[in-house]
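Got a structure for you, questions after.
Each chain carries a letter (A, B, C, D, E and F) given by its place in the written order, and its residues are counted from 1.
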């Protein structure tokens, strides 16, 4: 809009902020909703902003450092290549120049940075999508336990969802809803609620023991996916999506799928507690 | 809840009400939201209720007739077989008895009834689902034009959705979202926005000329569907869902798909107007 | 053949003829069979022809108007774009010139024309194909009730066939035969004989309630189809065909699929007759 | 019909007849067409029949032996197990008793018999089906060269068809027509016209070098097939059909598929003729 | 064999042995090859055995404890339920009784045990299968880098294989060979050699960014699998196998798939070394 | 290696050798294993070699003729087009020149040659692959009876394998192993051990009566195949592989699949022996 009106835009670039602010910045709210509003909500109403000294913009009061600048409506330079959440190089792009006109910072400030393509980057991008998928799946199955956007899936392309299912078909409905809840999602797996979706080993174990590829898998080819995926047809924006139902089939007796537990006597319990304590003391 | 507390429930059965009240009654709002609230919203705040004479319940003031009754918490009788939106016979069920204790009605009242399994029944059930699917699809594609739950699909099982697409994959994302928006949906078709989804002939024409089954179709077998569908595995609650992308492929020139228009001269226009007028006069 | 012999061909173009003549003209009989012969058969032997005045050709005696002409073996001009049964624009083509040398017509003749791409055009093209498909399917299943080439399928691409089936596999055999009976057919649906194939709503209802896409559908990709279909690979002449078996599975009790009927008392019957009569009187 | 009228049926069982009579007997003409008529047509009008001596029935005049009998309308005995064209044992069935009342035979007559399930049996059953498939495929592709019902396919379940194709999709249309032409057909393969369909090695060679299973194969599961196939679901009458397009793809240069020929000099030709002659002389 | 000869079998049960002995015990060599031979090979010829005191059997000289016993050829008792590598309960089985007749042990011996269904159990079972799969895949592709049987796959059901591929089809050939190399294998994934198959995150990352389910996946349903898999049809011994090709397609530029690296200046390098050192000192 | 060292290579081209030598030459042993070693093994240690007169090379002592030559490391000429096992023309290639410097031959020697693309060529190429596939399949199923590389499959692309199966899934495991045992294999069929895999008719009969394409077939598209297959994508080296399980399903009674046998009385036996003897006498 500023470009159309041929005017520069004042901007505050804040470094070293509360994680809730980072998360809000990654949450892509609909047009018209301020990310500061989201952050304030996450902080229980405790977000404080300050006005910049030289430009007409606000910054979180707790920031370690604030760069006050102006985004040019006409001057552009080539930027990048940057690294995206996938950990691969993005293309170089023409981007508007930001002129820094003032810098505010705390005494002994820390320049906090986030390595692109690393787990921190993926976590911030993934958490808001976990919320979207949780909400979408909740509309079609009785109960959703948890949603995880894993690190290996770049916090963007893979979701694992645990549910309590009523019928064998619920898991596939949950998969359809997961894809509707985050259109860039490429692969999704649904597991029972005794599986911890934040533990890759457990999710893989469910796929090993509760999944039959001939019945519990569906593939949707040539559907719109993420532009970040290099294996997709990036010109046409097409990818394949895959859904995996790794929940127990209800027709097979429940105990065949039960995870064995090692019974622990009181004495064994005391010994293992003692060992744990010693290991902790040593490590500090 | 009343059953657990072993108390009867007072009830007003209203006959001959405003269509907005019927629609609200069919809208399945989440637990805790009153259907009267929905009807009032649809009527722009103009819903008026009256208190019953003999029971503790309210009815729309405009109703032609109100049956005041009490739903027994313990006495049940076999009811049915009734006809559902599918037009087939439902099973007989044990249902609580309602004792009618009073009847209010207007002078020269009309007993308005709705034939079960007919278009009126399907329309009332379908309209709230059109809204759900519209909302779900809107989240994944740039623009949804219209959603239709057709009569042949019983206002419950079939959706036709028209969209403006940006990439060829958008239509399949729209299909996934449609299934997530109404978990009982069985078949869905997505068309371009030049197609009128309320006109079966146009939707069929799009399937004939803009759809390639080898690429533009997906089937999800053994997924939870509607219990009303007699072809489904009703014991396990499983059905097959099918999505059809009948939008123009972007890679083929647009003009190959254009609907021809018959040019009309000014004189032809005058003549056809005259004919239309005469036909109208005759029919009164 | 005339082109090879370098001679012009006399021709009579008849306007305003009996529908049987139009139908015969659309019936594509094998080489060597005259369309006039087909029309004469349809008319029970009552077709009368007259000889033209200026050219060596015959025309139906009942025509409103006859254009007598000669098709040039050498002169060609660009013709079109015309509109085909699909309702889309065909490509322009070089076609031989017809020189009109005489016009015969009745007094107060009517210039009867057929709008290309409209229902009348599709009906004339579709009826002969309904006969071909009827014959082909009759060879593989005990009894065919009816075949419909719908308007939405342009009278060319879609067939609905109703049969009495003996085994669950009969419907798929009927589909294979339908595709063999009209090689341009793209989509076909087979329904039970209680479904009226000329009523789109009923056919759609059968697909909603008697069809499971995971079992009752087949797709044949990369097969020769109609050159009129813009979604096909028109260079290689390849399309996808799809067959839908929307007949009741014999393994599920018949009554689950029965269409409910509204019982009518004698009195109700008398009232509804009276209402019908009044409505009719009003409309004249 | 005789059973309903409670009357025995006279019958002539002819042994040692012209192959045309055997073929006619295997041709399953529609009800009302006599197999003798078919045989007479095959023999160019030269079939001569004689009246039996003791029963009201006719037999071919050239038969080596004629058993004159009466089929009882009421007495039945268990028959079999016989061997069918598949070479496997059929179930035992209750069949009416035939009482032999007279035997006519030539002097020094030969008792000619046909081993069930052997090549002769399969040939007689297969030849009429080759004609049906030839006719059906001829309606959908420009030119059919030959049709073979192989011995391995029991003269009933497998067809190989050679065609001249115009587009890559013609072969699949030919397959659809083959299945429509003989509803018991289970597997069909279409090859180019340079392949001899009566030579299994050549057909297999075409499948090895001109077929890509990922594109050129289709399978129709759960369709009505032959009751003779023990792998089918014989209770429901369902089988899977498979079509194989082993024609050259038109998009790959023709010469890549050409069969190499060994050039022969005049001298080599003379030598090989000489060798052939000697081998022949030796073998007598 | 002893059972047939009706004689008991002497046995030494060794507890607390070298890992090479455990591994050899898990390696299922063909009949006739001694597991001690395998262990000796792994130990470079250094395996020392001692003869038992009371029974005719040998045990590793380094064992912490040796139970000398006799396996009864006739007495059996119910054993279990034990926990298998899957971590689920196995069925109870009748097994021969072992009578312990002598125990040898070191002074201050350690009773070393292996928790069934835990990572140690899976590791011992998996390593010999990694070798089998390595060998099988080596026969069909130019170079195999590594094979991993993951913990989530219970050391038995899941293999990840990294290869250097020459053509895009190599990965699928590698998958076929992996399934042939270990018939109980259920799911296999093939990745490029820049992916560490022992790191689940990296394997998942490759599936996210280098895999298209529409082309790079195959499923073989109804094939013989492991009897340990509760989701399989355990009565018929049938399961579904799934192969995933997560290698880079050669047709897309290599750099699109490159993992970004963070450049490190000399100074940064010195600082990060210093931090690492401090962290280490602290943790002891 | 010689090329890199810029030196010519001495070579003996032997014509008219023992079939074991031809077979060894076709067996593609791993690098480092001499084909003469393989031939010697096949001949039970009886292979005798002689040193050439003019070049440093050895030839089989029994050869009819030996061409002594030198392969140039630098001079190349265009060779071909030759005919490969497929019977089609190979492309012309640049190949090093061989200079013949001496010829040794027997008195009255025979110039034995092998027609390329004929059965002899295919047999020699196929037999070593039958051994590879036999070995690979033996690792995954209890018992392999025989493996045949048919003539129609060019001794390279098609394998038929007969096995004794324990579970219904064994046949598919055998197919996977067959593809792993010969990476160029395109199509494979597995049959029961009562089928003679060297008899095409029997294999086809098993496919007709013991195979259901909907369950017993798998296709792996876009996998590396043989460069000799003209239907493959020869640029990318990709083909489709197809596996066919034509073994009896264990769930259907065995007798439904039994091949009928014609019982022979002692007298019939004597007669048929006599006929056989006479036919033999005649043919000499």
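As a convention for this text, contacts are C-beta pairs under 8 Å (C-beta built on N, C-alpha and C of every residue); 3 or more make two chains touch, one makes a residue touch a chain.
Please read these numbers as outputs of a predicted model, since none were measured by experiment.
K.L.:
If we define chain centres by averaging CA atoms, which chain lands farthest from subunit E? Would you check?
P.N.:
Comparing chain centres, C lies farthest from subunit E.
K.L.:
Looking at E-F and A-E, which one has the bigger number of contacting C-beta pairs?
P.N.:
A-E
K.L.:
Counting a repeat as over half of the contact pairs in common, which of D-F, A-B or E-F repeats B-C?
P.N.:
D-F
K.L.:
How many angstrom lie between the centres of subunit A and subunit E, each centre taken as the mean Cα position?
P.N.:
That gives a centre separation of 33 Å.
K.L.:
Would you kindly tell me how far, in whole Å, the mean C-alpha position of subunit D lies from that of subunit C?
P.N.:
It comes to 36 Å between the two C-alpha centres.
K.L.:
How far is the middle of subunit A from the middle of subunit D, if each middle is the mean of its Cα atoms, in Å?
P.N.:
Chain centroid spacing, subunit A to subunit D, equals 66 Å.
K.L.:
With chain centres defined as C-alpha means, what is the inter-centre distance between subunit B and subunit D in Å?
P.N.:
Between these chains, centre-to-centre, one finds 56 Å.
K.L.:
Multi-chain contacts in subunit C: which residues touch at least two other chains?
P.N.:
Where subunit C meets two or more other chains at a single residue, that happens at 215, 221-222, 239.
K.L.:
Between the chains shown, work out who touches whom and classify the graph as line, ring, star, complete or other.
P.N.:
Here the contact pattern is a ring, one closed loop where every chain has two partners.
K.L.:
From subunit B, moving on to its ring neighbour subunit C, which chains come in turn until the ring closes?
P.N.:
From subunit B, continuing first to subunit C, the chains appear as B, C, D, F, E, A.
K.L.:
Which residues of subunit E touch subunit F in the complex?
P.N.:
Residues in contact with subunit F: 136, 139-140, 167-170, 172-173, 176-177, 179-181, 183, 215, 218, 220-225, 236-239, 241, 250-251.
K.L.:
Could you pull out which subunit C residues touch subunit B in their complex?
P.N.:
Touch list, subunit C to subunit B: 83, 86-89, 115-117, 150-154, 157-158, 186-187, 200-205, 207-215, 217, 219, 221-222, 229-232, 239-242, 248-249, 252, 255-260, 262, 283.
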